[in-house]
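Same chain, two partners: chain A is paired with chain B first, then with chain C.
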Partner chain A sequence: MRPSIEQPRSSRTGLKVIPWIAVLSLFVLPLLIKNEFYLDALILIFLWGAFAGGWNILAGYAGMISLGHNAFFGIGAYTSTLLLLHFGLSPWIGMLVGGLFASSIGLILGVICFRLRSHYFALATLAFGEVGYIIAVNLRSLTGGSEGLALPIQPSLTLFSFAGKLPYAYIGLFFFLAVIAISYTIEHSRLGYYLTAFRENENAARALGVRTGKVRLIAMVISSFLSAVMGTFYAQYVVFIDPSSVMRIQISIQVALFAIVGGIGTALGPAIGAMIFVPIAMLLRAKMGTSLPGLHMIIYGVILVLVLLYMPQGIGSKLKEKIPLLRRI
Partner chain B sequence: MDSTLFTQLLISGILLGGIYALASIGLTLIFGVMKIVNFAHGEFFMIAMYLTYWVVHYFHIDPYLSTLILVPVVFLIGIVSYYLFIRPTLASSVLAQIFITVGLSTIIQNLVLLFWSADFRSISLSYATDSLVLGPFPALHIEEIMVSPARLIAFVLALLLSIAFYLFLKLSYTGKIIRATAQDRSAALLMGINPDSIYRLTFAIGIVLVGLAGGLVLPVYTVHPFVGFDFVLIMFVVVVLGGMGSVVGAMISGLIIGVVEVFSSYWIGQENKQVIYFLVFIAILVVRPSGLFGLKEEEELEHIETID
Partner chain C sequence: MLEAHGISKWFGGNAVLSDLSFTIRPGEVVGLIGPNGAGKTTVFNVITGFYRTKTGYIRFNKMDIGRLSPEAICSLGLCRTFQITRPFGNISVTKNVMIGAFNQEKSVKKAEKKAGEILEFVRLYDRRNMLGRNLTIADRKRLEIARGLATSPKLFLLDEVMAGLNPVELQEMIKLIRQIADSGIALFVIEHIMAVIMGLSHRIIVLNHGEKIAEGEPSQIASDKEVIKAYLGEEYLIAQG
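Coming up: the complex of A and B.
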C-alpha cells in the first residue's frame, strides 16, 4: 500500500525512523534487564525468532512446508558440539561447519523431494526429521543417545562460552536481526519474487521463465543453514543437548507455529510470533509446569488453530492493517 | 534363517499388519475424499485406547466389547472435530489444512497429558495370557510356532472390520456416494450429492475406524499420551505405500509394513527398524508418489509435477 498523496512529507520521513528506533531499543534492552529470568526469555525470543525466520524462508516464501527442520537444528547442535568435544574446535567454526553440513543435507533432500508438493512434501520432511531423531537416539557412541551431551563451561570468546547471560543476549540479537535482514532482502529481491511466483502459481512462474527448481533449492539451502546455526547457538547457550531437546519433531511444529501466528511469508512475522509465544510458555512453565504439565502446549495449539481459522495472514499482518502507522514501515 | 523362525516372524508380521491396515484405512479414506492429510489421526487412536482403558478399568467390561460400545462416542468425537476444525479449512490453503490438524494433535496430546498424566497404562486379558502353540508341522519342517492370543484376536477382528467396511464402501448406496465424491467432487455435486454431509460422514467413519484399531490393540500395547504419534507415522507409511486415497492399497500395504517391521526389527534391531521404513517411505514418495495401488495418477497427484 503506497502512502497517499496528501500525506505530509515530514511525517513520512519521520516514520522511516521508527524501525531504527526499534532496533536501537533492542540494543539497549539487554542492559536494562537485570532479572536473569527475563534476560533468559529475551535470549530465547531471539533464538526461536531467528530459527522461525529460517523456517519461514522455505515455507513462507517458497510455500514448501517442512516438518523436518528439527533435523537441521539438531545437525547444527550436534556438529559443533561433537567437533568441540572431540577436537577442541571453536564452536564458531563448528557453527559454520554445521551450517554447511546441514545445507548440504538440505540440498540433497531438496533434490530428492523435487517433485513433491504440498502435503507430500510435508510428509517426506516429517519422515526425514524423524530419521534424524532416531539416528540421534540410537547412534550412542557418537551422540550419547538419550543421555545427551554436556558441553564444557570455560568462559572464553573463542570457545563461544560466557559466564553471564549478557553476551548471549547480544549474540542472539545479532542472529535475530540478521535473519530478519536476510528475509527482508530476499523478500525484496529477484529471488523473493521468484519464490513467491512459484508459491502462487508454479506453471505461470515457469512459463515466465522462472527457474523454479533452482530458486527452491536456494531457499532450502539458506533455510537449513540458518536452522543449523541456531542449533549451535542453542547448544552453546544451554550447554546441554539431547535428542529430545534438539531433534524432536515438536521443534519443527513450534517454529512453524511462531511463523504462522506472527505472519508467514513476511520478514517480521516469525519474530513477532516468537515475541508472543516464548514469554507465554516461559511464564506458564515457571508458574505451573509441574502441576499442569503441557498447559503451554495446549495454549500454543489453541492459538494456532484460532489464527488459522480467523486470521490466516497472522497477527503481524493484522496489526499492520489495524494500525495505519505500521503500514508505512 | 530356518523355516520355523521365518514362519514365526511372518505370522507375527501379518498379525501386526492387520492392525496397521485397519488404522490406516480411515486416514487414506479422509485423504481420498477430502484431500486432507489428518495429522491428528494418531491422537484419535490414542483417545480410543484411553476410552477403552477407562471403560475396562471402571466397569470391568471386556476390552473388545468396550471397543464396540465406544463406537458411537468415537463417531461423535469425529463429527465434533469435523465441525470445529476440518470444515472451516476445507477451502483454505494447504498450509492451513496441514497445521489445523497439527494444532488439533498438539491440543489433544497435551489435554490428555494434563488430565490423565504421562503414566503408561495397560490392561491384561485373563483368558489370553498363555501363548497359543501352532504345529509342529513336520511335513514343512516347521516346529512349534507361538502366537499371542491377544494379537490374534485383534488381527481377526481388525480383518473382519476392514472387510466389512470395504463391502460397505463397495455395495451400499452411501458407500457409492462416498466413492463418487472421492472420484470427482464436482460431478458428485452435479448429481445432487451434498458434499458437506459426505465429508462429515467420511471424517467420522475414518475416526471410528482408527478408534476401533486403537481399542483392539489395548490388550497388546501400553497407552500413554504420545502413543498416537508413533502409530501415525506408521500409518503415513502405510497410506503412502498403498497409494493415498486407496482403501484396498492401505489394507494390503498395512500387512506389508507389518511384515517389514517384524523382519527388520529381527535383522537390524528394535531401535533401528524405523529408519528402514522411513527411508522406504521417502523412497516411495520420490519414485512413485501414487503408491503401489494409486488410482488415476493425474487426478490423485494434481500437486505433483515433474520439473523440466
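Coming up: the complex of A and C.
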C-alpha cells in the first residue's frame, strides 16, 4: 500500500475527535447563555451562517455568484407564512412547500441565466432579486405590501412557535450544522468535483465529460431550497415579515459578504463569516445605533477590503493554512 | 472507429475546413499536420462537439456524434487535450485527474485510486499534491494527458502535447505516447515537430487551408511533392540530407 494521498496516518486519529468536541460545545452553548441579547446573537449567527452556506453551494463551488438569493429567502418566508395565515398549515410543512417552490423558481432561473458568465450572471440574478422585492411590495392583497405580515404567537411545536428563545437556538443549530454537513458531503462527492471543475475551467470540464449545465442546476436547486428554508425559520423566529426584512437585495449582498470573507467554496467558510459579522453588527447597532446608525455597514466594508487584500481566499482558508488541525476539513 | 465525411466549417466568410473526409481505425496512431492556420485544431473542435458543422457527418463507432455536446462525446470514449493547457488551477493534481476519472467511476475512492495509477503511469505521481497552476509547462502537458486518460478513452485526440518541451522532456513524452498507443488506445495527434510525428504515426493526414492535400504512410508523405511544396519546404529536405 502506498501512503494515503492527503495526510500521514499518525496525525489522523487524534484529529477525528476535534470536530466532535466543537459540535458538542455548540450544543452546550445555548444552555450557558442566560442573557437574551447574546442568545439572539447566537440564533442569528446560526440563521445567517446556514443561509450563507446555502448560497455558497452555488456561488462557492460552481463559482456562479448569485445576488438574487434574497428572492429565495423571501419566497420561503412568505410561502410558509401565507399558508399558515390562510390555511393554518404547519410552518414545518410550509417550509418544505416554500423550499420546493423556491427550487422550481431557481430551476427556471438557472435554465435562463446559466448561459451568462461571472458578472453578467450576477447582474441577471440581481435583477431577479429586485423583481422579487417589487412583487412583494406591490402584491398587497397577498403580501400585505410594505406593511408586512405579523405571525400569530401561539407556542406549539407543530406550529413552529415557542415562548422562549432556547428552542429557536437548537432549531437554528440544527440547520447550521445540517448546511455544513450538506456542503461537506457535496464537496467530497462527484457533484462537488464537477462543480469545481466548471468553476476552474468550463471547456476543460466539458472535454472531460462533465455535464456542466446539469450539475449547476442541481447546485441551484439545493441552494435555493436551503435559502427558502432559512426564510421560513426567520419568519417563525422574528414573527413579522415585510419586503424590506426578507426580500431586499441587501440580504443577498450580506450573505455573499459573509461567505466571501469567511472563505468562499469551503464548507465552514460561510459559518465563520457569520460568526464574525453578526456579533459586530449587533453590538454596533446596540451601542451606537442611535448616534451613528449604519456604522456597521462601514465596518463591514472595511473588513471586506482588508480580507480581500490580505487573505483573498477568506479567513477560513487562511486559518486552514496556519492551523494544521483544520486542514482535513 | 471514427468516420468523418464531407466536413466544412466557416467562420464568417472564411472557409476554415472544406469538404474534409477521413477515418481512424481502432488501435491506429494517425498524425494530423499542416502549417499554422491550416485548421488542425478546428478539426478537433468539430470532432469533439465544441464546434458544430452543417455539412457532412461524423460517426464514432457507427454512432452519429455531429449533434452531441462535448461532454456526451467524452462519455462515449472520445476525449481530447487542449493545445493551450487548461489545468484546474486551484485544486491539486490528483483532484484534476479524479475529475476525469469520474467519467467512468462514480465512487470517490475508486476515482482517487484510478487517478493515482494514472499519475504514476504519466510520471506525475510525486507532484500529485501540487496545485494545477503551479505546474511547469511540461507537467501541465502531462496533466492534460493524465486527465484525458482518466476518462478511459477509446480514441484520444492529442493537440500539440509536445510543443514547448526541451529535448529530454520531449523524449519522455514520445515514450509516454508510445506506451498509450501500445495499451490499445487509438490516437489522433496534432504535431508540429516533424521528426516526431513521422516516427510515431502509422498514417498521416496533411491539411492546408482547411483542405486535405495528402494522406498516407509517413514515408509517402515525406516524399509527396504537394506536401513539400505547401508545408515542409526546403528545411525538411535539407534535414533529410
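Everything below uses one rule, namely that the second predicted complex is superposed on the first by the 316 of 329 C-alpha atoms of A that agree within 3 Å, B and C clash if a C-alpha of one lies under 4 Å from a C-alpha of the other, contacts with A are read in each partner's own complex, and residues count from 1 in each chain.
Just so it is clear, a residue touches a chain if its C-beta (ideal position, glycine included) is under 8 Å from a C-beta of that chain, and two chains touch if they have at least 3 such contacts.
Because the structure is predicted, anything quoted here is derived from the model rather than measured.
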Contacts of A:V131 with chain B and chain C, given as first, second, both or neither: first
Touching partner for A:H119 - first (chain B), second (chain C), both, neither: first
Contacts of A:P312 with chain B and chain C, given as first, second, both or neither: first
Which partner, chain B or chain C, touches more chain A residues: B
First (chain B), second (chain C), both or neither touched by A:L89: neither
First (chain B), second (chain C), both or neither touched by A:V210: second
Residues of chain A that lie at the interface with chain B and also at the interface with chain C: 212
List of chain A residues in touch with chain B within their complex: 59, 63, 65, 67, 112-120, 122-124, 126-128, 130-131, 134-135, 137-138, 202, 212-213, 249, 253, 256-257, 260, 264, 292-295, 297-298, 300-302, 304-305, 308-309, 312
For the chain C and chain A complex, residues of the former touching the latter: 48, 50, 69-71, 74-75, 79-82, 86-91, 94-95, 98-100, 102-103, 106, 108, 111-112, 116, 128-129, 132, 147-148, 150-151
Complex interface listing, chain B residues touching chain A: 31, 37, 85, 88-89, 92-100, 102-107, 109-111, 113-114, 117-118, 225, 229, 233, 236-237, 240, 271-272, 274-275, 278-279, 281-282, 285-286, 289, 303-308
Interface residues, chain A side, partner chain C - complex: 2, 5, 188-190, 193-194, 196-197, 200-201, 203-212
